[in-house]
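Just below sit the structures, each encoded as structure tokens.
In what comes next, subunit A is part of two complexes: it sits with subunit B in the first one and with subunit C in the second one.
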Partner chain A sequence: MTANLVGILMGGLFHAAILFLVAAGLQVVFGVQKIFNLACGSFYALGAYTGAAVVGYFTGHGGPSALFIAPLALGGLAVGLVGLVVERGLLRFVYDRDETFQLLLTFALVLMLEDLIRMTWGTAPVSTGGLYLGYGQARILGATVPVYNLIVIAASLVIALGLGWLLTRTAFGRIMRASADNREMAEALGVDMRRVYARVFTLGSMLGTLGGALVIPATAAMSEMGIELIVEAFAVVVIGGLGSMRGAFVGALVVGVLRSVAIAVYPELEMLLIYLIVIAVLLWRPRGLFGAAPA
Partner chain B sequence: MATTRREFLKTAGGAAAAGAIGLPAIARAQARPGVPSDPVKIGVLAIRAGIAAPVGAAGLRATEWWTERVNKAGGILGRPVQLVVEEESTPKDTVERYRKLILQDKVEVVIGGISTGVTLALGPVAEEMEVPWLSWDGTTQKGVEETMPNPKWAFRSVDNEVEAIVAGRLTPKYFKGIKTVAGIGNDYSYGHDCWETYQAVLKRYIPDVKFVLALFPKLGVTDFTSHIAAIQQAKPDLLMCSFWSGDATIIMKQAAAVGLFKTMKGVFTTAGGVHDSLKKEFTPEGLLLGYNTMYFDDPKGSPLLKQFVREYKAKYSEYPPYECDHAYFNIESYKAAVEKAYPAAGKWPSRAEVVKALEGIEVDSLSGKRSWRPDHVQMCNFYQGITTHKNGYDFVTINPIEVVSTKTAMKPSGAKLIEWINSWKI
Partner chain C sequence: MRRSVVPAIGLLVAALAVAALPALAPLYYVTLMLPFMAYGVILLGLNLLFGYTGLVSFGHALFIGIGAYTGAVLTTHYGIRHMELILPIAALAAAVVAAPVGALCARYVKIYFGMLTLAFGMVFYTFLLKFYRLTGGDEGMRMLRPSLFGHDWAGLSKTAYLVGPYYYFSLAVLALATVVMWRIVRSPFGLCLRTIRDNPLKAESLGVSVPWPRWYAFMISAIYAAVGGALLAPPTGNVDPTLAYWTHSGNIVFMVLLGGFSSFFGPLLGAFVFIFLQDTVMSVFPYWRLVFGAMLAGIVLFAPGGLMGLVTRRPHGEAAGA
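Our next item is the complex of A and B:
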């Protein structure tokens, strides 16, 4: 009985860990730039494909398979720099436009990145073979849990703490929060908004690509995987509150764990339950659990 | 003119395909008396995007391979073959492209179609346009029942649930003492229909079998850890899974990570569609695995199959899945029907004469002999077997191999599926 509960909980936490990274990327960008980045799911897919390619190259050139996680994470982070290109090359031209234009532009990115992935890696699912199993399994209260899943959960937790530290303890974090609160005032006080936006968007896309890279050993990459995830990421930010990092954390936990429980208890509710919660939150707390009050 | 993304893809794809099998490569063959010397145009519908894109690619590759060979050997009655490739996407768009193939490109026949959601809509259009349409893998079934019992122009694929029937029959043969069964499939018609059919068949062999859990994740989900936890909780003796794309690979890997198949048996009715991604590292021996209508490593396979597998591997670095066989059979049967109808016609046969010749015709396909049932449904063999690591690949193959004909595993024309299963004498 406990073994089953642990299994269900760990399944939920693993899903929540990945959801958090994607949702956190969405939140960072929305919080500061007020842009709802639909392409966050595509960054996730891009990270997954890049991760698989880097790991394939690493083990193919004699890299010890136990260390694959290092090139995997580095590859995931490096491809996140595509965010800088997107921000400088495209997004900065629409900051003064209506939100609809920004939304359309990020949607165009979703389509372009999907085709780019298809042109680069083809249509067949890409995976890293059995590397995932190399880390073995842990026994937790009678349940068998893949060690790699624990690593992903831990990594997500560390990133969450790191983001908290960045936002509350560093100068850049203070500037980010100040810009999120009042852009004009921050600019008037001498903050270079161009640099802040470029950095924030790159940070947001890196969170997504890192999430994708971390998940790939446990699954296989498919070109539409990003679109699948973004729907759930929406639910996370609606529950947690748009723009709130704490909200992304709690929202991801709620969605991940409840989905897992629903699958075990009453599988027909798998997605429905998530949307019921979204509706409840929208009715009782329209700004989400941690959403800021309108200025 | 505004060009949508899909149209762009389609045009680009069509141009690429036409280029790949361009006419200059064709040996100048002498057209037979009464046969025009211009190329015969064949329309092809192939999925190019989304989850079924690899399946569409496999069908198209086999069609191109066939075309190259046939053109080298002089075409059909001396007429070179020219493919006009269009994309299969949504029912509405695909129907439009189907009309375009006939009205604008003036093709003699349309082949292809994979998703039953699309081909269900194509069937009536084929009847209306009066041009033969041969479907690779799509049926005109609503659920498990046929919607077009007596078509004139539409030729449909094997019934969707045959792999579940074959697996249901083989389950009691290979796995003794099964009392409880869980199922997982995609949350759309195919997943649900396979599960219903599998249950109906298994109940005939094991009357007291209990079905303890049914999971239907959406198509495209890439994380099944929670589903696997639910399966562990339900503790079935056997898990039946009808995944056929990358999700089959993913669930296999995630199941291995928690040792799922150490405590239960496994039946994968359709995962042979992605067989070369089922690596030995995470795919155990002893599962029942279905390859649909073609098994690439069949020791009894024809020289044609062996040549195809060799050249496919050399060109694409993959081992061909079954969709190649559907596609090869379709276009080969069209050629055979034209040649069969020619002597009586004394000229290139009319479309109606070709259709008449197609009914009941039997040809050599990659997997062996395949035919069209008189009511326009594909007849073929299904290959399933028990996974083994004893081979020279890095993925699993099957041994022993069970070959089951649609003559016994598909409902006869006009029959209701569940009634037919319940009427079996066992």
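Our next item is the complex of A and C:
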């Protein structure tokens, strides 16, 4: 019984750890730039495929399989730089436009990235093979949990703390929060908004691609994984509150663990339950659990 | 005077061309007209929300799904094969769902409206996907050949049925839907919607109720989506949950934007160009999403008025059909 429960909980926590990374990427961009980036899920898929490719290259060229997590994370982070290209090449032209157009531009990115991934890696699922269990299994209160999952959960926690430190303790974090609160005032005080937006969007996309890279050893990359994850990340940020980093953290825990429990108890409910919660939150507390007052 | 005669003649020529098409064009292109006409109905309704009321739904595929599944359930489980009966029932089913959903969504605007509609759409999608015994899960359900104009047309091959009676039935529905929508947007109610879109505060201070017209617009567009959704199913003979998926909602908004949301006929043009261009692109290059994504980005950046906006050159934001 406890073993089952712990197993379900750990599965949920692993999923929550990944969801947090993508949702955090969504939140920094929404918080500062007020753009709901639908392409966040596509960055996640891009990170997954890149991670698998980099790890394949690494082990194929004699890299020790025990160290595969290093090229995996680096590959995931590096491909996140695509965010900089997207921001400079496309998004910066629509900052003064209606949010409908901003949303549709990110939808255009979703379409393009999905097919770019298909063109590059084909339609067959891509995986990293048996590396996943290479770190062995841990026994926690009778449940068997892959050590890799524990590493990802720990990494996600460290990143959450790092983001908190970035936002509250550094000059760039203060600038980010100031721009989120009042863009005109920040600009008037000499903040170069172009640089802030470029950095924030790149940070957001790197969080997404890193999430994708870290999930890949545990599953297989498929070209639809991006459009599937974005709606889960959407649920996370709505439950937690749009633009709030603490909200992303709590929302990811709620969605990850609830989904895991629902699958174990009554599989038909899986995401249905999550979306019903999303609707309830939107109706009774549109700002979410931790969000600022609704715009 | 002359300004209104030219479009009227153009419209008449277009209608005659569409009516004569099965006799003139290759069969393949005639069958492509069927999804165009179904999407035409859907988009006319969607644009009442998007273009005329200023609300962008990212969950409208929910109602397409309701219409398509209503047709499938009625033909396979209840032996109701009359399309003249299926369409009103689909419309009724959509209205029953849209009444509470619209009442909740109409309280919000902008991104919150989009998010709420997206969430409702995903609820329906997961329901279709997970409740296998009711809906057939990811395989969906079959839609049996409906009878039209009182005949079951059992003697016709599938293609002959589709390019014959079904073609003219769809055309009749599209024509009726167009006329009704034309009346709606030109009525005081249509004016009311545009007032609310442009300045809800001022509308309210002038005594125009804001939530109710939004709710009516939501209901009408849901009914249009369900009727169009029911029309989509017979040509493929199958319905599946992707009809209600959020990317489908995104694609229909894309179609409206492509044609031009500030024009009455823009959505019809958008549906036409989308369907035929998608077919052309896919015949030479399998990655149509890449091409269409780039096209959508181009429209957002350079031509927010869509194709109609390029032709009519009216100031952006003014509804040309008004």
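As a convention for this text, the second predicted complex is superposed on the first by the 293 of 295 C-alpha atoms of A that agree within 3 Å, B and C clash if a C-alpha of one lies under 4 Å from a C-alpha of the other, contacts with A are read in each partner's own complex, and residues count from 1 in each chain.
Please note the rule applied: a contact is a pair of C-beta atoms (placed from the backbone, for glycine too) under 8 Å apart; a residue touches a chain by one contact, two chains touch by 3 or more.
Everything numeric here is computed off the predicted structure, so don't read it as measured data.
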item	value
First, second, both or neither for A:E270, with subunit B first and subunit C second	both
Subunit B versus subunit C as contact partner of A:F93, first or second or both or neither	second
Touching partner for A:S260 - first (subunit B), second (subunit C), both, neither	first
A:L111 touches, of subunit B and subunit C: first, second, both or neither?	both
Subunit C-contacting residues of subunit A that also contact subunit B	111, 115, 118, 227, 267, 270-271
Subunit A contact footprint on subunit B (complex, rising order)	5, 9, 48-51, 53-54, 57, 213-218, 220-223, 225-230, 232-233, 245-246, 249-250, 253-254, 256-259, 274, 277, 279, 281-282, 318, 394
Complex contacts: residues of subunit A adjacent to subunit C	36, 38, 90, 93-94, 97, 99-101, 103-105, 107-116, 118-119, 227, 231, 234-235, 238, 242, 267-272, 275-276, 278-279, 282-283, 286, 294-295
Footprint of subunit A on subunit C - complex, ascending	56, 58, 104, 108, 110-112, 114-116, 118-120, 122-123, 126-127, 130-131, 246-247, 250, 253-254, 257, 287-290, 292-294, 296-297, 300-301, 304
Contact footprint of subunit B on subunit A as seen in their complex	3-4, 7-8, 10-12, 14-15, 18, 111, 115, 118, 123-125, 127, 129-130, 132-133, 137, 144-146, 148-149, 215, 218-225, 227-228, 259-260, 263-264, 267, 270-271
